[in-house]
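Mind having a look at this structure? Questions to follow.
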């Protein structure tokens, strides 16, 4: 696959050009939300995908980032211009700092217990947003400065900021996947105890991945807050956020580099558009749910792994039917009872 | 003091209702380890089915279960066959996707059929109560509690005392080995999933009789139900009951002695502490040895 | 920018809005849609607006701020609607108003009355309904006006942590405390609460004579259920919302008998003598069936939005949104909920709060005396 | 002083005394064998040494430093590596990636280092070639046959380069010819100074390889000596070899 | 011939592992397959027991084609497999594990009788009957698996490395048991890396290499073939392990 860099460049160019080619604010609105989710899913995948720990509490960091920006803007009287964008990394850092003790505690557990602890942490965070009225104004929510940009221009800065964060997250994800550290994370996913016995510092490794993903998600929360310009606890800390990014990641292929992005590209616009076009008739949820089900039926391991597997099978089949061996009868369909483990079902392995 | 006692009693009874809602999940999540995000939607579906029977045929809610549970069982078989079975790899995680999709479809269809008006199941025992030691106990909660004890006991019997249960546990632990000793793994999975969904019908009845609901009411439920299963210990049925009761007692007592605002927070903090000390849950088993 | 919108002056006028047909607010969404629809039907039957037919462009916002943002963008830039109406709830009105503001659209609305909507410094939001906080004022006044012998000594308050309910309860509490009614219990509970029994228990335990709830339909029915089970009979029971939902409310609490004596504040009721009200009620019954009592106040709130906009547009003889904003800020209007006059933040200062009570299966205005069609029942009879 | 001293280790699970006051010494630069009937506590002892289980009593010293209760990564950092009886490889990593997990990771700067370097890679391939699975390097390790997994695990621990290697049944399921090669490799490494503690039921392998053999029974050592001594020890014959 | 594989091609995912395997197992014999790691020995057993579908080729059992049947159908024909990788059910008790071996039987009395026999035969199974199988040592688990397969009284037994992890004493016991089963009229297809011991109790030897059968013959033929011995049996014939029973 020598053409890979070219492909990537083309995709990048398309992403950059998108709002220029389709300047309609409705499209760019969906694009803004999509890059936010794509970046969040990518960040989540850095932790959950590589370590195999399914965290369903990242909405806590999204909300932390969102509230951080809102509170900072209020206290420092930040003007409604590009300044808040410059504050995004700070909000990410705040989320990362918050994630540190949470990760320290949660990562002492594994498997289902871990999932439930992250859910619990998310709820505590949401409840705190309600309860700490002094800073959060409770259920009355907070407003952010409202930029006076024209409707046509308005989405652009948000889109490019989101895209930048996405690229950054992707780069970090790629880098980790190709680092010694990332290999350690994957080893943790497969067999944590064994990894520990081979000298992988499992505790710090997991925690670092957790904090990195929280940093990005926190930044995205802040970006989102500035975009929506008002935040309320149930929206900033939204349990469905976690479900959404997990769905996107699973759908695209957990643990793969571009899977989360593909999942987001598919699901977020689909959801928005289905609500717009089928919402009034009442079919929105049915169709959106059906879309999920159809995709998973067609691509039962997620988009990227399934395609990779099909590709491998196809090339292998082609190799089998190469001229010097007698053409075998068409292979039987795999027995439904037998489990055929995927061949080369994972990993950028082999290509490197 | 009186108030705390009363809150604790309410907590115990409401805990029974939660255990009932969680009973289906103890199978699909606790035993099969399928993260059934659709559980909440299935509870609501169960409630609507009973609602229809009550409205159209004037069936008693508990009698209605005799119809809705088989219906939901069939529905469970269908979901398993169509969506869970094709998942080969990462089925535990991908099941989140599938069950979420199913939940959306259910919610959407319920919305189309029943509109989003709030409804509630009515029967004489949904509002009536009887007095014990100066305190009123409501029939529906007592009935719900009893039903959940009965169902969980039946489930225990099924899983730990029958050949079917043994084959199910075997299949969960090692699918290939289970195949090799002749366990029809697909049929067992399907039936188990079906039973899990059927039990949800009972939970739905209890939910609908104690809460107003509409198709969108499921969202607050699912995370609490997942929490119950893990706190009780995956696969532990008594654990599920005790965890629900514990959860509701803590919340209810906190609500009256401090504030409802903090009740859930306190519970979640207790939860985190308990799970840090016992990651396998209250009654869960530790994973095997390393060798 | 200034108002977008179609330039053709012959086709129908497009009015866009979103409703929550799915998600958390979905139980109210349908009523809002009905209200807007009834208004459009009425005006179309009477020759339309500025002589043109009105067509509604309705989207589902899934009770989600992201979707609201996308939806209003689409209404403005793709559908190019002429006018916008607001969605349901404070939480969604806020993001909608920001998008509308960006394009210079007015956002008249009837059910996004939480204070935070009006503090963002936007000039384009107009809430035609009663300002939320003063909703319970009439009840407080009524209680304080009771003869000393009858006047309750203690009150219990429980409210959802919601920008719509809590301010109302807090204001009523303040008034009653000043009037000498002691607070036996006050608590705020999270909007996600599904288990109301302990709160109900605490209210019962407080032994308060009147109970004041900041609720929506699901929670008030849970409280009533618990009170019935515990045989607790407060002398007065009022909830910010829920009892105004007509038959839905009755079905949820188990029939009209259980509703007897329950209060609810509102800016509207079916028999209210306000411009267009009788027409709307008739149209509702004709179109959706049922009785006037089935009509949720969400319907009237939405209908009023249409009426106010209609008056302003007619006065302007133009669909121009800048003009519309100006006119809305300056004029006085009428609606099925009574008079409408906006202050600089967009809240309706002219609205009257009525106090209603369920009596013999009907929701009847009982206070202020000018509007009352029956004497309030006090104390509330025991549960059946 | 022995390199690895295991003193009076006891460990009970409920009613089962897996180890009872077990004392074993592993001398530096030697290949020490550990045999005993099924369930005699060999694997449990490995688990105690490498920090996967906490003993109820007793102590483990490594070069004089106590390492009792040290976590597995600490034990590994001291230079003690092990394999598992029921092979534990990383199933979803490729064979080559498996090798790199074990490749020495010095310092905590892993995040700034590529997962593989040319040097590591060539070492990994050399070892994979040695155990005969180099052609499978791009395969997810879960796709290997049983014996191939066993060999992969063996190769993994060699690349990690520990001072002491604890092998739990390295020859189980491995082809006899390959077993002989493994033995050769162990001897070679041993000559270069690596110490081994080997658990194995293949007597030919143990007797041909080990300098000293310890025999365990019911959680305690019942015999120790050269292979010949042990083989003719009546207690060992009775408990282990049978007649 | 009880079992016949003709030109069987099979594999996982994309590639073929078995590339045309021909194999015959005589009724009442013990046949032992040996070969290097990854030769496809276990794959042959999996194809026979139905865990893996052959891509092409024919498998007949008692003259009847069984290719493509699922494991349950094949089991009900009287073919039972003991897998190579550890496959006890770790969280179930030892007794539950063993009892599950008789899952296909519905005669309770028979099952109980067999259970008693098996427990007599292997003391560990009895002593640890109520412990979780996962807590046993590696060798003990292996024994439980073997005991489990004895619960059915199958016609054809596919054993994948029964010797692995067993101490010499136990191993001898197991092999004696295998021998006894053959004498009782059962047929055994064995895969063994402990090749000399395995071939030692067999009538027939098969050497596999790279997915093909390299050599087939009586066990003496195989044992005495110098090249095979060098390549796959660990060289010098004289060093036969003490554990072999002839």
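Note that the chains take the letters A, B, C, D and E in the order they are written out, and that residue 1 is the start of every chain.
We adopt the following convention: a contact is a pair of C-beta atoms (placed from the backbone, for glycine too) under 8 Å apart; a residue touches a chain by one contact, two chains touch by 3 or more.
Bear in mind the structure is a predicted one, so any value in this text is a computation, not a measurement.
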Count of contact steps on the shortest path from chain B to chain D: 1
Pair of chains joined by more contacts [C-beta pairs], A-C or A-E: A-C
Averaged-CA centre spacing for the pair chain B and chain A, given as whole angstrom: 30
Chain B and chain C: spacing of chain centres that average the CA atoms, whole Å: 36
Centroid spacing, where centroids are CA-atom means, of chain B and chain E in whole angstrom: 44
Where chain C and chain E are represented by their mean Cα positions, the distance between them in whole Å: 76
Interface hub residues of chain A, defined as touching at least two other chains: 127, 130, 193, 282, 284-285, 336-337, 340-345
Residues of chain B touching at least two other chains: 107-108, 111, 176, 179, 219, 261, 264, 289-291
Sequence positions of chain C contacting 2 or more other chains: 21-22, 24, 161, 190, 192
Pairs of chains in contact (touch as defined earlier), listed by label: A-B, A-C, A-D, A-E, B-C, B-D, B-E, D-E
Chain B - residues contacting chain C, complex: 2-3, 6-7, 10-11, 14, 107-108, 111, 115-120, 122, 126-129, 136, 138, 210-217, 219-221, 224, 248, 251-253, 255-256, 259-261, 263-264
Interfacial residue positions of chain D with respect to chain B in the complex: 43, 47, 52-53, 84-86, 88, 168
Of all residues in chain D, those that touch chain E in their complex: 13, 16, 35-40, 42-44, 85-86, 132-133, 136, 143-148, 150-151, 169, 172-180, 201-204, 240-242
For the chain A and chain B complex, residues of the former touching the latter: 54, 105, 108-110, 112-113, 115-117, 119-121, 123-124, 127-128, 130-131, 193, 239-240, 243, 246-247, 250-251, 254, 282-293, 296-297, 300-302, 305, 336-337, 339-342, 345
Complex interface listing, chain D residues touching chain A: 50-52, 71-73, 75-77, 81-82, 84, 88-94, 96-97, 100-102, 104-105, 108, 110-116, 138-140, 142-143, 156, 160
